[in-house]
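Below, chain A partners chain B and then partners chain C, in two separate complexes.
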Partner chain A sequence: MSDRRVGPGLQEDVGIPTFDDRERALGAAPVVEPATPAEWVRENLFSSRFNTVITLVVGSLLGFFLYQISKFVFVTAEWAVVANNLRGFMVGPFPVEQIWRVWVSAYVVAVLGGLSAGASPNRITWTRRKRVVGVLVAIVATVLVVLLVDTMLVLTLTFGVVATAAAMLFVGRRQGGRLRRPLLVAWLLSFPAIMVLVVGFGGVSPRLWGGFFFNLVAATVGIFLSFPIGILLALGRRSSLPAVRSFSVVFIEIFRGVPLVAWLIFSKFVVGLLLPPQMNEPPDIIKALIVMTFFSAAYVAEIVRGGLQGIHEGQYEAARALGLSTTRMMAFVVLPQALRSTIPAMISHFISLYKDTALFVAIQVTDLLAAARRSAVGLQYFGRIKETLLFAGLLFWIVAFSMSRWSQRLETRLGVGIR
Partner chain B sequence: MTEQQGSGNGATHMIVADNVKKWFGQFQALHGISMRVGKAETVVIVGPSGSGKSTFIRTINRLERHDEGRIFVDGIELTDDIRNISQVRSEIGMVFQSFNLFPHLTVSDNITLAPRNVRHWPKKKADEKAMQLLERVGIPEQAQKYPGQLSGGQQQRVAIARALAMEPKIMLFDEPTSALDPEMIKEVLDVMEELAESGMTMIVVSHEIGFARHVADRVMLFDAGKLVEEAAPDKFFDSPEHERTKAFLSQIL
Partner chain C sequence: MLRVLAQILFVVAVFLVLRELFLNAGFNLGQRNEDLSFDFMRTRAGFGIKEHIIAYSPNQSFVRAFLVAATNSMFVAAVGIALTTILGIIIGVARLSPNWLLRKMAQVYVEIVRNVPLLVQVIFWYSGVILTIPRIQDSLSLFGIAFVSNRGAAVPGIEGGADFNVWFLFALAGIIAAAAVRRYRTKLHDETGQPHYRFLFGTATFLVVAAAGYLLLGDPFSIRVPEQEVRGYAGGLQFSPEFAGILIALVLYTAAFIGEIVRGSILAVEKGQKEAAEALGLRPGQQLRLVVLPQAMRVAIPPINNQYLNLWKNTSLAFAIAFPDLINITTTMINQGGAELQIFSLVVLTYLGVSLLISLVMNIVNRTVALRGAKL
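Up next, the complex of A and B:
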C-alpha cells in the first residue's frame, strides 16, 4: 500500500522524519481549495445525503434561535432600562461625586495596557478574517456605547479611554522591548496605587463599592494574591518538614471543602476571630476578599502540585549537582516548567474565580449581577430583567473571553523549545 | 588518621572513600566501598546493573546520603553540614545518563545558570565562558537553541559543557552514553577523552570497553555493592584475577 508513496513519504518509511521534510511536504502537498463559496458549501455541507439532512435540521434550528434572539434584541427589548441604570451597573452605590477616582483608575489601566500590548514581542498577524471580525466588533461596540451612554461627558471619557489605549499601543511599539521591565514594575505598583486612589484622601470606603467595578477589583485581588499563596502552599505540601506539610494540607482541605458562598458569609466571623480584639474590624467586603483569596489559593495550590508532579526527578538532581540552593532550584528550574504546564488549568480557575465574584451578593454587595437584577425591580422597568441580564452577561463574557485569549497567547509565547 | 587522608594528602587524592555503606530500606546497596582517586586520574567503573556503581558515584556529590563510612572530596568531608555539601557540589561536575538538561532554557542559559547564580559571575563573563565551552565540545552554533531541538549526542555534550562551566576539579559520569544512539556515542566519548587528557579528575560509570582501555588509568568492577577488582586497564581486561570479573567480561565482550 505504501509502496506508491514517494518523496517525503519515503523518508518517513525509513524512520527519520525531520522538521525540514515535514515543512517541505506541507509546501509540496497539493492544496485542494474550493474555488467559489458555492463549491465550499457543496463540499462541506451537502457532500452526502446524510450530511444534507444534518445541515438542514441544524441550520433551521440555528436560524430559528437567531431569529428569536434578534427579534428580542432589536424589536421587543427596551434598552432604556440599561441606559438609565448604567452607572449602577458599572459602579453600584459608589457616590457620584467620587466617580472620577474610578475614571482615573481606568485611564491608568488603559495607559499600561496599551503600552504592554504595544511592547509585546508577539504581535497579532492580521489575516483578512481577523480584520473583518475586528472591524465588525469595533462597529458593534461603538454603536452599543453611543446608544447606552446618555451624557456627553461619559461618552467623551469612554472614548478617551479607548483613544489613550490606542495611543499608548503606538508608543509601546516605538519603544519596543526596552519598556518590558519598567512595565512589569508599573503593573505591580498600579494596583496598590489604584486602591490608594479609590479609598484614600477622602475616598470611598469598600462598603460602597459595587457594580462591574467591584467584580473587576475583587477578581484582581483574588487572582494576584492567591497565586503566590497557592504556590507556597503547593511547595509546603511537598516539604520535608512535617509541620509545614500538615499545615498546607489542612489549609487546602479546609478551604476547598466548603462552598465559596458559605465562606463569604462566614468571613464576617472567621476573620474577626483571627484578628486581635483591639483591632478595628475591617469592612465585611475586605474580610470576604481575604477569605476568597484563601479559597482560591487552595485551588491554585492543587493545580501547581499537579504541575510539580510532572517535573522529572532528573531536573532536581541536575540542579542540585550544579550546586544550586533549594530556593534557586525551585525559582529557576522547577517552577518555570511546572507553572507553564499549568497555564490552561490556572486560567480556567481564575476565570471561574472572576465569575464567582458575583457570589458577593450573599454579603449584600451590589455587584454587576445584583445591579442587573435590582434595576428590573422598580416600577418603571418592572419585568425588564431579560435586558439587564443579557447586558450583564455580555460584560462578564467580554472580560472572561479576553482572559482566555490572553492565556493562549501566553502559552504560545512560553511554549518555545518545549518538546 | 582519616583527617590525614582527607586534608594531608589532598594534593594527591581528590577523592577518598572509606568503608562507605548505604541502605535503601532493608536492601544494602553498598557494602563498604573504599577507594582513592588521585588528581588528574581517570577511573572507569564497570559492573552489572544493580551492583551499586551509580549509587556510589552519587554519594560522592551527595545526591545520595551514605549511611556509614567517610567520604572526602578535595579534603572536605561530606557530612550533613549543608555548607560542606554545597561547597563539594560546586567542585564536582556531574553528567547523567538522561542528560537532564533544563528544557525551558536555551543551551547557553543552561550553561550559565549555575555560574551566574552560584558563583555570582556577571552575565558577560558567564556567556563568554559558555561560548568557549561550546566550542570545546564542538557545537558553538547551537548556543541559542533549546535542548529539545538537539540530537542526543549534542545534548550530552551540552550537559558536559554545563558541568564544566562551574570549573569543577572533578567530573562524575553516570553512564553518559547508555541513552545514546550508536552513531552518537563516539562524539561524546571524544569529548570525554579530551577532558581526561587535559588533566581532569574523572570517575566514569560506563560499559564502553574501548574507552576504558584507551583512556582509564584504572578500571574497577563493582558487584553486589562491593568493589571486586581494580587494576590498570590492560591487566583488568586481559588477565583479571577474580572469577567474577572473568564472568562479567565474558558477558560483555
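Up next, the complex of A and C:
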C-alpha cells in the first residue's frame, strides 16, 4: 500500500493487484444468481403476501405515471417551444455575432475533458449492462440533439464537440500518465483563459451573459474562487489567535445561516451602498458572483474544518519534529491529507452550488431557468411551461448527475474512509 | 509578542475595512436624504399581503408586515419539516426494501429530485402543475366538503366560538391527564406484566376530558365546511396555490435527502441487531419500528438537523412564486421605502435566529435519543 502514491490524479497506474484489490476479492461473498428469470421474479417481487401487495400497488402507480409521462412527452407536449428558443436556453441574451467565443470555450473544455478522461487511471470497466445503457443514452442524446437543433452549422459544431472529446480520449489513452501533470496546469489556466476569451478583445460584458452558459460559468467561478478562501477561513477558525478565530467564526456562521437568495438580494440592493461613492458601480452579476463566492467559501470552510479535525495529532508532531514551519507543515503535511478526505463532501457541495446558480433569477439574470420561464410567456407558446421546465431540468440534471457519479467513482478509487 | 502584534494588526485591518464600509453607507445614504435609523418601521406599510397567519391590514406598520412575513416563512417550514420527515423515512426504508420494484423506484426518485435545482421544482409544481388543474368553476370536490382548484384548496376546519379559549384549557388538561394515565399503565405493565394498552388508554382519557369540556361549555367550536363561491372558497381551512407550490416542492426535495440519510443510518445499524430481533420472533414491521429505527435515529439526527436547516433556508425560494415569505415581503419593503441596510439586517437576524432555534430543539432531541441508548 505504501508504495502507491495516492492523491487526486497522482495514483500510479500499476497492473499488479494491490493489497486492497485482493482483500476486496476475498471479502466479496459469492453472488448467488437465481437460476431462471421466473425464480428471480418470485424472489424479488412476490416473496411474501405483503411483498406481492407492494409490487401490485407500486407497479400500477408506475404504470400510471409512465403512461401519463409518455403521453405528455410524445403526444400533448409541443416541443417547438424549446427548439425555437434554443439559443435563449443555452446563452440567453449573449449577442449572436459573438457566440463563437462560447463555442471556442466549449472546444477547449472538450479537448481538456477528453484528454483527462483518457489519461485517468480508472477506466470504466464495460460490463454488458453498462454497454447497453451507454448505447441507449447515446441514441437518445443524438435523437434529441437532431430534433431540437435546426441549423446545420450548430448541429455540426455540437457533434464536433463530441467528436473532439472522443478523439482526445484516445490521445489521452495513448499518452497515459505522462499527461497528468500538464493537464492539471492546463485546467487551472483554462479558466482564466476562457474568461479572457469571453470578455476581452471586444468581447461580451457580464451583463449579457445568460442561459445555461451562465449557470456553468457562475458555478465554475464560485468553485474556483471559493476554494482558496474557504481553506483560509477553515485554518482561521482553527487558529490559535483569538482575533482571527472569532472573525472566521462570525464570517462563516453569518454566511451559512442566511439563504443564498437573501445574499443575492443583498448584492443587488446593499453592496452598492457600501462601496465608495466615487467608484463606478459594477454590474449586478459581478456583485452577485462575489457574494456567492463568499457564501460558498463559508461552506467550503466547514467541510475543510471537518477534514482538519480528522488529522491525527501525530501528523502535526511529526511535521514539527522534522523542523517544518507552520506554513510548510500546513501546506505539505496537514492540508494534503485533510483535503483528500473531504473530496466527497466537497463535490456534493459543488453540485449544490451549481444547482444554486438557478437562484440568480432573483436578481433578474436570464439564466437557463429564467429562459425557460420567459419562453413560455410569449403569445405563441403561452402556457407551455411544462415543456420548457422539463428541458431546463434535464440540462441541469445531466451535469449534476454526472458530477455525483464521478464523485462516487473518485471516492472508491481514493479509498476515502477505507485507510 | 509577535502573536499579539499580528492580532492587533488583524483587528485594526478588519476595523478599518468595516469603518470604510460604514462611512460609505452613511455618505451614500446622506446623498439620498436617508439615515440608518429604524424609525421607518413604525410607519404605515401600505401594501396588502394576500396570505397571513397573524392578522394584518395595509394600515398597520412595517413591523407588523415583517412579522407577517416571518410567521409565513416559519409556518411553511414547520409544516414542511413535519411532512418531509415522514416522507423521508418512508423513502429511506423503501430504498432498502426487499422488493426490487419499490427499491428501484425509490432510487430513481432520489436521483431525479436531488439533481435538479429546487427552484426549477418549485416553479414546476406551481406553474406547471397547480395552476393547470381545473379552474374554480369546475373545482374538484370530495363529497362536497373539500375542494381543489387552481385557486387553492379548502378543507373543513375548526371555527372557534365564544368559549373556544376556555375549551383549549380543557384540551390541555386532557393531554396532561392522558400523559399521567399513560405513565400509570406503563408502570403497571412493568410491575405486573399485564398488557399496557397505554396508547389506547391515553387517547381515551384525552377524548373523555375534551368531550366533557365541549358539553359543559356548550358548543365552544364548530366544524365549518368550506363553501364554493364565485371567486374562491368561504370558511374552513384554506390553502393558496402559492403555499401548496412551495410546500410540495420543499417536502419532495428535502425528503429525497432525508431518505438517503435514513438509508445510510439503517445500514449503519449492526446486522446482528436485526438478526436478534428476528430471532426474538418480531415481525418485519416490528423489527424496523422497535429495534432498527430507534438505533438508526441516533446516527441520523445530526445530518437530519442539517436538512431541517436547509429546508428553513429554502423557504426563501417562495419569492419565485409570489408567496409572501420573508424575501418576498422584504423586497417589497425595500422597493417601497428604501432602508435596504436596516431591512437586510433584520432578515439576517430572523434567518439566524430560527436556524439557532431549530438546532437547539434538535440538540435536545438528540440528547434524549442518545440517553436512551446509554441506559441500555
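Everything that follows uses one rule, which is that the second predicted complex is superposed on the first by the 372 of 419 C-alpha atoms of A that agree within 3 Å, B and C clash if a C-alpha of one lies under 4 Å from a C-alpha of the other, contacts with A are read in each partner's own complex, and residues count from 1 in each chain.
Simple rule for what comes next: contacts are C-beta pairs under 8 Å (C-beta built on N, C-alpha and C of every residue); 3 or more make two chains touch, one makes a residue touch a chain.
These numbers were taken from a predicted model, which means no experiment stands behind them.
Q: In the overlay, answer first, second, both or neither for which of chain B and chain C A:340 touches.
A: It touches chain B, and chain C stays clear.
Q: Should A:54 be classified as contacting the first partner (chain B), the second (chain C), both, or neither?
A: Only chain C; A:54 stays clear of chain B.
Q: May I ask you to decide whether A:195 touches chain B, chain C, both, or neither, giving the answer as first, second, both or neither?
A: After superposition on chain A, A:195 lies in contact with neither partner.
Q: Given the touch rule stated above, what does A:149 touch, chain B (first), chain C (second), both, or neither?
A: In the superposed model, A:149 contacts neither chain B nor chain C.
Q: Return first, second, both or neither, reflecting whether A:244 touches chain B, chain C, both chains, or no partner chain.
A: In the superposition, A:244 touches chain C alone.
Q: Mind working out whether A:269 is in touch with chain B, chain C, both or neither, as first, second, both or neither?
A: Once the two structures are laid over each other on A, A:269 reaches chain C alone.
Q: For A:315, decide between first (touching chain B), second (touching chain C), both and neither.
A: First partner only.
Q: Count the residues of chain A touched by chain B and by chain C, then name the partner with the higher count.
A: Of the two chains, more chain A residues are contacted by C.
Q: Check the residue A:104 against both partner chains and state whether it touches chain B (first), chain C (second), both, or neither.
A: Neither partner.
Q: Applying the touch criterion given at the start, work out whether A:186 contacts chain B, chain C, both or neither, answering first, second, both or neither.
A: In the superposition, A:186 contacts neither chain B nor chain C.
Q: Which positions of chain C touch chain A when the two form their complex?
A: Touch residues, chain C against chain A: 3, 6-8, 10-11, 14, 20-21, 24-25, 27-29, 31, 97-102, 105, 111-112, 114-121, 123-124, 127-128, 132, 284, 313-314, 316-317, 319-320, 326-327, 330-331, 334, 340-341, 344, 347-348, 351-352, 355-356.
Q: Please name which positions on chain B make contact with chain A in the complex.
A: Against chain A, the touching part of chain B is residues 61, 63, 86, 89-90, 92-94, 96, 98, 100-104, 106, 113-114, 117-118, 145-149, 159, 162-163, 166.
Q: Please give the residue numbers of chain A that touch chain C in the complex, ascending.
A: That would be residues 44-45, 47, 50-51, 54-55, 58-59, 62, 240-244, 247, 253-254, 257-259, 261-262, 265-266, 269-270, 272-277, 351, 355-359, 361-362, 369, 372-373, 376, 383, 385-386, 389-390, 392-393, 396-397, 400-401, 404 of chain A.
Q: Can you list the residues on chain A that touch chain B in the complex?
A: Residues 312, 314-315, 317-325, 328, 332-333, 336-337, 340, 416-419.
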